[in-house]
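Below is one structure. I have some questions about it.
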């Protein structure tokens, strides 16, 4: 009889709350939209890229918002540069053994690629016409360097979308450390949410109808994949499934994330005219909301019940 | 073997910026000069006074360090040279610093008039004179020279409680003063 | 590089008096816990519950009594940072604020720490918490400032029964092995040393326990958080490939079926 | 400390905590050593690590039990049955140290036939006066040879007094067979204290008792020694003093007294409670354990007093020297043999003026003015509500404390004021609150639990208007002397002639706040020659002709000359550290250490060597200062006609006693031998005698101070009260300290799961504990460290609460002294908070109303 079960309460929660939830969500969408837009850019026709290029508008602003969220989450925000520079020695601060250090750099690098593509999007939408910029943007997106730039950009995006999951795995809270599927879950959720936003951003023009169709299908694939990954994730948590699967977080997960965020949009994809014109819009919004609450549950669930939460 | 406890008295107080090899994961950087913030000990360097713990009767030896400029006590810990406790203390002894430096500690003489609802602050000298006057009044009024035919010279109207937490020197001059005022109601915690 | 110093905590002589905790607070000027947290916790004589930013040494109370009290024992453990050889907190700290000092102890440099809180969940023992007032991570420093002037940590000096013994780790290990033999001979059958090199490469502050570690709330086999990292990265790469392929599939297939139309358009356009 | 005083001659711990590391078996009973004297406990652990048995006997499994090799449960208040049964075991199984008992104790003495034992009178000794509730102790005297006096004329006053009061030497039977020998009386007295009786009365399983008996027997005798440690668990009973006596008898039978690793370790509670008993701010004694004059005995003149108090044989023959030296120290030149050195001006006690009588007088309006310094009766006094009511009757009151304690603010924060029952306007007491300096802001000496004076230095000036108590006393004395300067009344003689000015502070002592001259005070305590004010190096130099002055003869030697203050000596070593501090008397650390050597002066065993006779140097040598006449050979013959120490032989170690031996048979207010009586509030009746409670106990039926009596079913559970290591007594020195308030923030009730189950209480619930005296509420801590005990057929539950809380401070809570009873043991009028009965119910006090 050991009523003093010190073990379960001994670990501490880092008490990462809304700033981190929003950062994960925003970073997911930034990466997801960038990857989708880049794939469309590489595979799609000139007409299609007309639509997909709007995806690039998301990258830069969301990265900036993400960076801002990260800084205000710190207890000493004024020292955020310590993430990149080790002042006591005046050398760059780079530490492969911690995802947070790499994540910081990844955010920076991806921000650069997102900026290029953001510029390209403005060029394509004739918002920017200064020749040198136009030439530069086109070179990077249509010219010989397109493949290299977009591939590298996508790698940075992929890392940005998954490192947050790896960071959660590289900890001791049972709910986070038990299953290695969190990065995949965040990635897929980011992709589907990103695509959903791009769907919302695409104006009703018939020449984009082709592109819209592809986007819708990609989004459907992502939702299906996310469903699979989510279920396997909860199963792979083993005895710690309850941290996300039961109680308040459980209801949010099964009802909002899976139900509203995945199954309903899936049904809408299957019967596009369920709500007539507005089905696409509604399903995308639901996906986005589902994406947010997925992060809410996966971040707060495993922390609840520990000191400092 | 263990760093000897007697080191304590030879406080060098040199704030060495330690030279460390910090293992920065991945990138092995040249020895990192551990920039240590202002070492607390400096703040605690001061004049040391051997003392004895005021709590239980084991009589643990203590070293009180007080700051030379401000005259304030800045640290109290066990005296490694005392054979009673070899530098160790119990939780009460270790917290003795807060017996000295504590915002809840009273620093003003307070007076409560009969029937009053609140304290009033009063100067120390005034209070001392009042107490002396009260003692004389009460003693003179209720003094008993003889009782049941025997010479007793006692003063039943004044009582005193307390003593086990104060020094021998106080106990001695207090009992000397009280006895010579005729007080018989004189007690301390040895009974409780 | 000074020698590798640490502390042996021999729970067979710990009387649970919490002098170590108070001495640590006195020396490091740590305040009382926030008013609302100070209450009767019902955890036997432990009303603090765990280490925190204002409590760097916490004494645990474990009552082991069977129904008829024939087998009765009250275990105490003075818990603090273990200054591990492989320190989870140090490995995950993104700003290198947690350094290995010349005494081989783990020290948080409060001028570098940015309060990101990653070390709080990096530590397998739940030792670290970030202070809301100072905004930096707080934990036992093994009295780094005292060590530099040749003194032993405040808790080791305060411990009335010499349960916390300070010294060089290898000589302490010999002392611990001697104590282990003595205690076994006196009938303490499942006494063991917790913190040899099998645990995170060896703990500089290690324990002589009277029972299994989890009775004391210590993990049986703590690991660095990085243990999960590689597996996690491999899965994320697999995930990347999967989503990449799926996305490509979704975007390219349409092009296949309409390849003909595209060619036609080209013909028309040309 | 009459328990140890009556048995061995001095009221103080006989060994040092360090010496317990040499014990082969340590029995901790009536004490929670690890909890309340944690640093002293290191030596018990060192003994345990060397293989010693550490046995803890206590109603609760505590921090001490956690460290002990064996834990033995028992019901509070039944210690005499347990210890008596140990004596019974030692006697019947012949496990006593025969040579030690025959020669060093009064076992062979033959008692007069007027003595009748409790076995004959069903729980009473002969000579009991029912309405005076006291014994005529003359019936318990020994059969004596006729008196022999030295032929030389008595030179000094002490000799004259001794000649006048000398009695014959008691008759003895070294074979210990004589039916009226102390040995046989003892055997018969404890004949019914069998292991079965222990199981019946104490609730301790028989096998556990026999394990303790066997461990003690195995670890005593020539080669091995055992020691006992006790504290409030023994003293706070109506039979408290007799509990200590029982242990004294047992340890003497086992031959453990005066030997390394043996003896009785009295663990005293306060930093200077030993000092406050040596220099007694107590009602019954003068410094150095001299009796305070009282009209109930022949104390009319100095000579009457000395005849009554001085003992013709043994060390106390010197009483006149000490009394006259004290008076010389107080009145200086004004004290001459013409005015009996001012003896008549000492106030005479007219009755028992101890703590409860003081508050009874206060309650009845006889006490008008009250000094309360460094004590907290409003929460620490038994039946605390009564204490507050009494203080409300005062005209004026002075409170000195670093914090606003419960006593300082009873008129506005006490529960009865907060609840509106009592209005501040109705409390007419005028109160002066003086903030006092704390230990770090004053110099001076403390006397610790093994009689060692240690000097502490002033480390800082007290803040604001805080002043030390010594400063307050000195200033008050100066003011009073000024007020009485021109008085011609005879009764004011003592105030005018009191030696006081030499305490004046030294203005350039380097501090802003100047303290009175502690060195001058300590010098006066130590004693000096009147003519040339030269410090005395030993109490042997004290005279009874007024040529010497000494505030407290037992401390003489602490300041052998003007420059050495032995209390400030700081050269320790790894055993008795004679170079650290000063142990009274004469720096002896282990008292009665002559008993560590046999009749020829050789140590009983090489392993337990302490003090022995060195034939070549012709004096006693060893690891400690010999507690014996330095040059008196072990083979020296006792002189029947001699007085003082001449009356003793070279093998009478207990020099304070008239016969130089342990008083196994030693008269006290409630009998010459310890007898088990049930506590005043007890669930079951006395299984041993018709007499239920201590016949000589002192009761106070005043206000709501009601007794529960025996088997009162309104209050079925036994309650014991105790201390925690994180707090100090009623709390003023710890509950205001954040670091300690945080460790134990709230009052709790420890309760066994069995009882908690019956009352449907879980850990953390609020519970209310009730007695006739009052109510207290606490959080429940359900724990198996407490257990119900079987007494014959009946199951008795025990609960416990720590004593530290009160309605002021950072950590607030009910004071358990709302529950306790004002009742006194006959010898020292100490209360019985360790064993009384209560009722426990779920919920808070307020809920019910």
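Order of writing sets the labels: A, B, C and D. Residues in every chain begin at 1.
Keep this in mind: a residue touches a chain if its C-beta (ideal position, glycine included) is under 8 Å from a C-beta of that chain, and two chains touch if they have at least 3 such contacts.
Here the structure is a predicted model, which is why all the values come from computation and not from measurement.
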Comparison of A-C and C-D (more C-beta pairs in contact): A-C
Core chain by centroid distance, with centroids computed from Cα atoms only: B
Geometric centre distance via CA averages, chain D-chain C, whole Å: 48
Separation of chain A from chain C, taking each centre as the mean of its C-alpha atoms, in whole Å: 31
Inter-centroid spacing, chain C versus chain B (mean Cα positions, whole Å): 38
Distance between the centres, which are taken as Cα means, of chain D and chain A, whole angstrom: 76
Numbers and ranges of chain C residues touching at least 2 other chains: 17-19, 21-22, 25-26, 44, 63, 65, 91, 96, 109, 111, 160-162
Contacts with 2+ other chains: residues of chain B: 24-25, 32, 35, 76, 85, 88-91, 93-95, 98
Touching two or more other chains - residues of chain A: 3, 86, 88, 95, 97-98
In the complex with chain D, residue positions of chain C that touch it: 13, 15-19, 21-22, 25-26, 31-33, 38-40, 42, 44-45, 47-48, 63, 65, 69, 72-76, 160-162, 182, 186
Touching residues on chain C, where the partner in the complex is chain A: 43-44, 46, 49-50, 52, 60-66, 88, 91-97, 109, 111-118, 120-126, 128-130, 132, 135-136, 214-219, 225-226, 228-229, 231-236, 238-240, 242-244, 246-255, 258, 262
Chain A to chain C touching residues, read off their complex: 1-7, 9-16, 35-36, 39-40, 43-45, 73-77, 79-80, 82-83, 86-88, 93, 95, 97-101, 104, 154, 158, 162-163, 165-167, 169-173, 176-177, 180-184, 187-188, 191, 210, 213-214, 217-218, 220-222, 225, 229, 306-308
Chain C residues within the chain B interface of the complex: 1, 5, 17-19, 21-23, 25-29, 90-91, 96, 99-103, 107, 109-111, 144-146, 148-152, 154, 157-162, 165-168, 171-172
Partner chain C, residues of chain B touching it in the complex: 1-3, 5, 7-8, 10-16, 18-25, 32, 34-37, 39-41, 75-78, 80, 85, 87-91, 93-95, 97-98
